[in-house]
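Order of writing sets the chain letters: A, B, C and D. Residues in each chain are counted from 1.
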Amino acid sequence: MIVILKENVSKQKVDSLAKSFEQMGLTIHYSEGTHTTIMGLVGDTSQVDMDAVCANDIVAAVKRISEPYKAVNRRFHPQDTHIPVGGHNIGEGNFCVIAGPCSVESEEQIICVAEEIKKSGAQLLRGGAFKPRTSPYSFQGLEANGLRFLLEAKAATGLPIVTEIMSEMHIDLFADVDVIQVGARNMQNFQLLKELGHSKKPVLLKRGLSSTVEEFLMSAEYILAGGNPNVILCERGIRTFETAIRNTPDLTAIALIKHNSHLPVIFDPSHATGVPWLVEPLSRAAIAIGADGVMIEVHNNPACALCDGAQSLNFDQFSSTMASIKKRVAAEGKRMA
Amino acid sequence: MIVILKENVSKQKVDSLAKSFEQMGLTIHYSEGTHTTIMGLVGDTSQVDMDAVCANDIVAAVKRISEPYKAVNRRFHPQDTHIPVGGHNIGEGNFCVIAGPCSVESEEQIICVAEEIKKSGAQLLRGGAFKPRTSPYSFQGLEANGLRFLLEAKAATGLPIVTEIMSEMHIDLFADVDVIQVGARNMQNFQLLKELGHSKKPVLLKRGLSSTVEEFLMSAEYILAGGNPNVILCERGIRTFETAIRNTPDLTAIALIKHNSHLPVIFDPSHATGVPWLVEPLSRAAIAIGADGVMIEVHNNPACALCDGAQSLNFDQFSSTMASIKKRVAAEGKRMA
Amino acid sequence: MIVILKENVSKQKVDSLAKSFEQMGLTIHYSEGTHTTIMGLVGDTSQVDMDAVCANDIVAAVKRISEPYKAVNRRFHPQDTHIPVGGHNIGEGNFCVIAGPCSVESEEQIICVAEEIKKSGAQLLRGGAFKPRTSPYSFQGLEANGLRFLLEAKAATGLPIVTEIMSEMHIDLFADVDVIQVGARNMQNFQLLKELGHSKKPVLLKRGLSSTVEEFLMSAEYILAGGNPNVILCERGIRTFETAIRNTPDLTAIALIKHNSHLPVIFDPSHATGVPWLVEPLSRAAIAIGADGVMIEVHNNPACALCDGAQSLNFDQFSSTMASIKKRVAAEGKRMA
Amino acid sequence: MIVILKENVSKQKVDSLAKSFEQMGLTIHYSEGTHTTIMGLVGDTSQVDMDAVCANDIVAAVKRISEPYKAVNRRFHPQDTHIPVGGHNIGEGNFCVIAGPCSVESEEQIICVAEEIKKSGAQLLRGGAFKPRTSPYSFQGLEANGLRFLLEAKAATGLPIVTEIMSEMHIDLFADVDVIQVGARNMQNFQLLKELGHSKKPVLLKRGLSSTVEEFLMSAEYILAGGNPNVILCERGIRTFETAIRNTPDLTAIALIKHNSHLPVIFDPSHATGVPWLVEPLSRAAIAIGADGVMIEVHNNPACALCDGAQSLNFDQFSSTMASIKKRVAAEGKRMA
């Protein structure tokens, strides 16, 4: 971190600032120019609050040279991380497909969807039991019953399950869930992240609607810093000015994250676009840019789905999407997880 | 709500769709054009999921005519709501100033700040005990001790206190807090909103970084729908492409919310800009556009603040800002809360 | 400008980079830390291309300390600039109101509007003759005839006129226009800016839909650098994720520009919102935050306007808005231009 | 287009509105509900100004059902368009690579780059002679000399050339240029688009920084409506809140445009990211999602480039990127143009 001081500041104030850095265990290198003094901070600067430094009235500017994240940083962990989930390995050259309905609606429905997606080659089953909905009047999910139906579907098909948590008060309910999903709206629910850091259970962390890649990695850092190394990141589109589709998929984020972090990254073309026919071309692009998997909404009857039906594939659409995915994964020299 | 059907759809499918609306208690008016049939839904359409309707393969488009929120809607509650807080009334022509440090740092600090802001005319004291920080390595707040110190400051000065909650698991800790703040990053933490809806305690709800005004009102609707009418909305800047300052203050949102809702709306120029000298001109503009108050960061020693010091006013700056605020509030024909 | 070099770079490459800076007339101060060398560039760094410096393989990072603009910079020109227009002075404590229809539609129409807005107290008449329209099938303006009708309205009322130019090929047609407007979509039409820099005629430069304040000032810099000091800046809303109204007014930009530049800044609440009832509250806020004027769309019959009628005020609405404006301008201790 | 009327409006006003639609040659179908009347407009509604209709005081809402563009619409021209350029065909299953420096710097430089990119398999040479630069103090291009050097490079290598126009006053200078580029900042310079519509020369139209896909297609519509069918669209990243890289590439826009329009679409990974190592993975993703080509910046010595050097590939990087591109193009069953 480089701290650029204002011109003609008192030595006493500089010493006082320096002392506060030294108390954090940092070493300071001074660079005295004709007009300006620059302090180079060496050591673990991830704890330094840039805003607080800026507020010091002798400071002209601060520039961070190294990333503020450590545990998720590829610099300190060059190998890809892979996350074992129910016999599959996510990451490290394996491509996984997570599929299922937006919401669990009944035991029959979720078992039926699970069987169909398994037949087409998906490795994990997704389905919402607790649903974050913009409106309090919209269907909020079957909650504990939904979790129970998911576990029935797992028992029936052997597919590990992924489902979203909405409160740290519910963690015990998720004991038999294979992967706990943190939704985009909770990406900076730091208390929830801290609680999940105390678990060892794989966490699927979705990027916030307007989170930068750095903030996204910092949220993953919360979980790893708490002691849980099993984080799968999920790009799901960001919010921009464009209104043609629901969100703007940020596929470049996948390449940036793979470059800066060792964690696996998957892509959710269903939520990112809200448009069924875009799921297949965007899955192709995600494979090409290096994603470790995709998460796709599939429904037995999209037109009757209780939520987000408009973006779900039916079984035939999913089956042909899977054929396309398998072909491209092979062409990229990867294997299905 | 208007549902525009595709051309040449089967009567059977139309009847099936109609039945699903009727089961929600809605009445349907058909408008048959030469090529197109349009269904007009009359009744409480706030429960209709537009996405789910769009997913129906006979539907060409859906347009919502009325707002999806009810309890917060001025249409059904034309009078301004005012929220009583410790002898003050927030809203309804009263202008309130909430001031204090980003974080509570010690008992002495918070009492000192409380005394100073009271002297300058602030009505409420703010201070963070639980701090949402992008980095797990940044100061996370004094937590329960911070709450205790705030209550000491309240006892010393009589100022009601506003402080942020980060988890529904902490609600009991907030029993003596006057106004519970929900931060921008938790605006769509729906489980937390639901729990706060079961309380009667005033809630200060901050707008999410990239939330639309409609989504903001829908989050307030969660709290009112749960039974708690005491919600104060807070505009705190949105995230855009502009990097000159931390966020882009959306003052127009204040006018839009006052128009569409009866709830009081305040503005936070400190977080919205991150720049101390902008606090005063933006407070002027907020008063002019109809805000019911402002929330301003004030610190005994901004250069040493443990978080967000860069955006805090010192006591002199706050005192002169208060003088400017009082003058403009009077000029607008309002009174201090 | 601070150039932070990578670790362990060859002296030869550093010398070569230094030489390229010296050839631009810059002086270099070296700051040698234990690991890092930092070059501080002193002199006129506005000509240094940061991207090009970054591309050098010995450079780790570049940070600009001073603004890249000079002629528009308040640092080198502390006094407010005022622009004389037809007997009025724009800027320097004078508040101007520019009003008129989106498009000139006929001689009768524009004279009628001019007379009405003059009666209510507007200082300048606006009206589009050349219209930038998203669709080639929309009304494109009366072009040369429109300019002629504007001049008739000026002759009839004495109001100076403001109208938009869409091509440097039309400059001769604008010889009798008082203020030439450059629209948001042409803010970075650099060839047009250069041509206007060769004139002395006042230019009203509108901010681009997604331009930063710095880019906006750099576009003004083009005109001043060409020799024309008469630039009036106009904030007209930016494009964000919010869809409640047409654009998101960025009132803070007015405060930032007044702080960083000596040029007058006005605000266009009509285009910024597209909503007639927001024109008055936003004008109030613009006055409060320090704008030097507003530009308001007024139409004799908004419901029949050939373009943008939806955002125009009728005569009564304009008259009451003017009353509100005059009151606030007086309360701020300013005078109408 | 659907026009939803307010409740209880006078028959006279409805008739008057209806008449104005009939005068545009539209047929109206009425749909009378219990409370609401809806007008369905049939015919060429691309000329209807939605804002103007909204402004009518009997109108509650307007919804466009069909796209506002015609000539570029795939609905009326289902086959892919291909554009012949100097022996190559752009579009229709052919994948083209346009490469070259940001700026032409000298005759030697551009010939050297042209020879190298030809060797690696690029089909067209790009290079800027007129440069749109944010700062008036940055290098503005060699202008007419730059065009001359490009033509020398074309003579030396046989590669057709693509270069940017910045003013309709320069069109004659571009007589021997193969493809005229319109930059992102001029995407809504409508006068320039109109002039290019009167030519038959291929136009490479870049998407504006914050233009929607619909606006982008409307700008292409200007050129086609003027009589020039030879338009190649170019996605080059949009402006969002994310600051990790220069722009946010919107690869989904490629899929949307291919779906809605018959025009060829290419992608510019160099400007979209500003980061050399991202050029190859983003080219892979662009191929996967259906782009008809890529435009890549290549420089003989990126560290010394006069502009945008930081984003240019050197010859070795370009050569290995071309190898990757050719492999993926073949895997997708396409051929190099």
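Keep this in mind: a residue touches a chain if its C-beta (ideal position, glycine included) is under 8 Å from a C-beta of that chain, and two chains touch if they have at least 3 such contacts.
Model, not experiment: these values are computed from the prediction.
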item	value
Chains contacting each of chain C and chain D, listed by label	A, B
Chain at maximum distance from chain B, centres defined as averaged CA atoms	D
Proportion of interface numbers common to chain A and chain D (over half same, under half different)	same
Distance between chain centroids, defined by C-alpha means - chain A, chain D (Å)	32
Mean-CA-position distance for chain D and chain B (Å)	40
Multi-partner residues of chain B (at least 2 other chains)	210, 239-241, 243
Complex contacts: residues of chain B adjacent to chain A	46-47, 49, 51-52, 54-57, 68-69, 130, 132-139, 166-169, 185-186, 188-192, 194, 209-210, 215, 218, 221-222, 225-226, 239, 274, 302-303, 305-312
Contact footprint of chain C on chain B as seen in their complex	210, 212-214, 238, 240-245, 248-253, 255-256, 259, 272-273, 277-278, 281-282, 284-290, 328, 331
Chain D residues touching chain B - in the complex, by the definition given at the top	2, 4, 29-36, 38, 40, 42, 60-61, 63, 65, 210, 239-241, 243
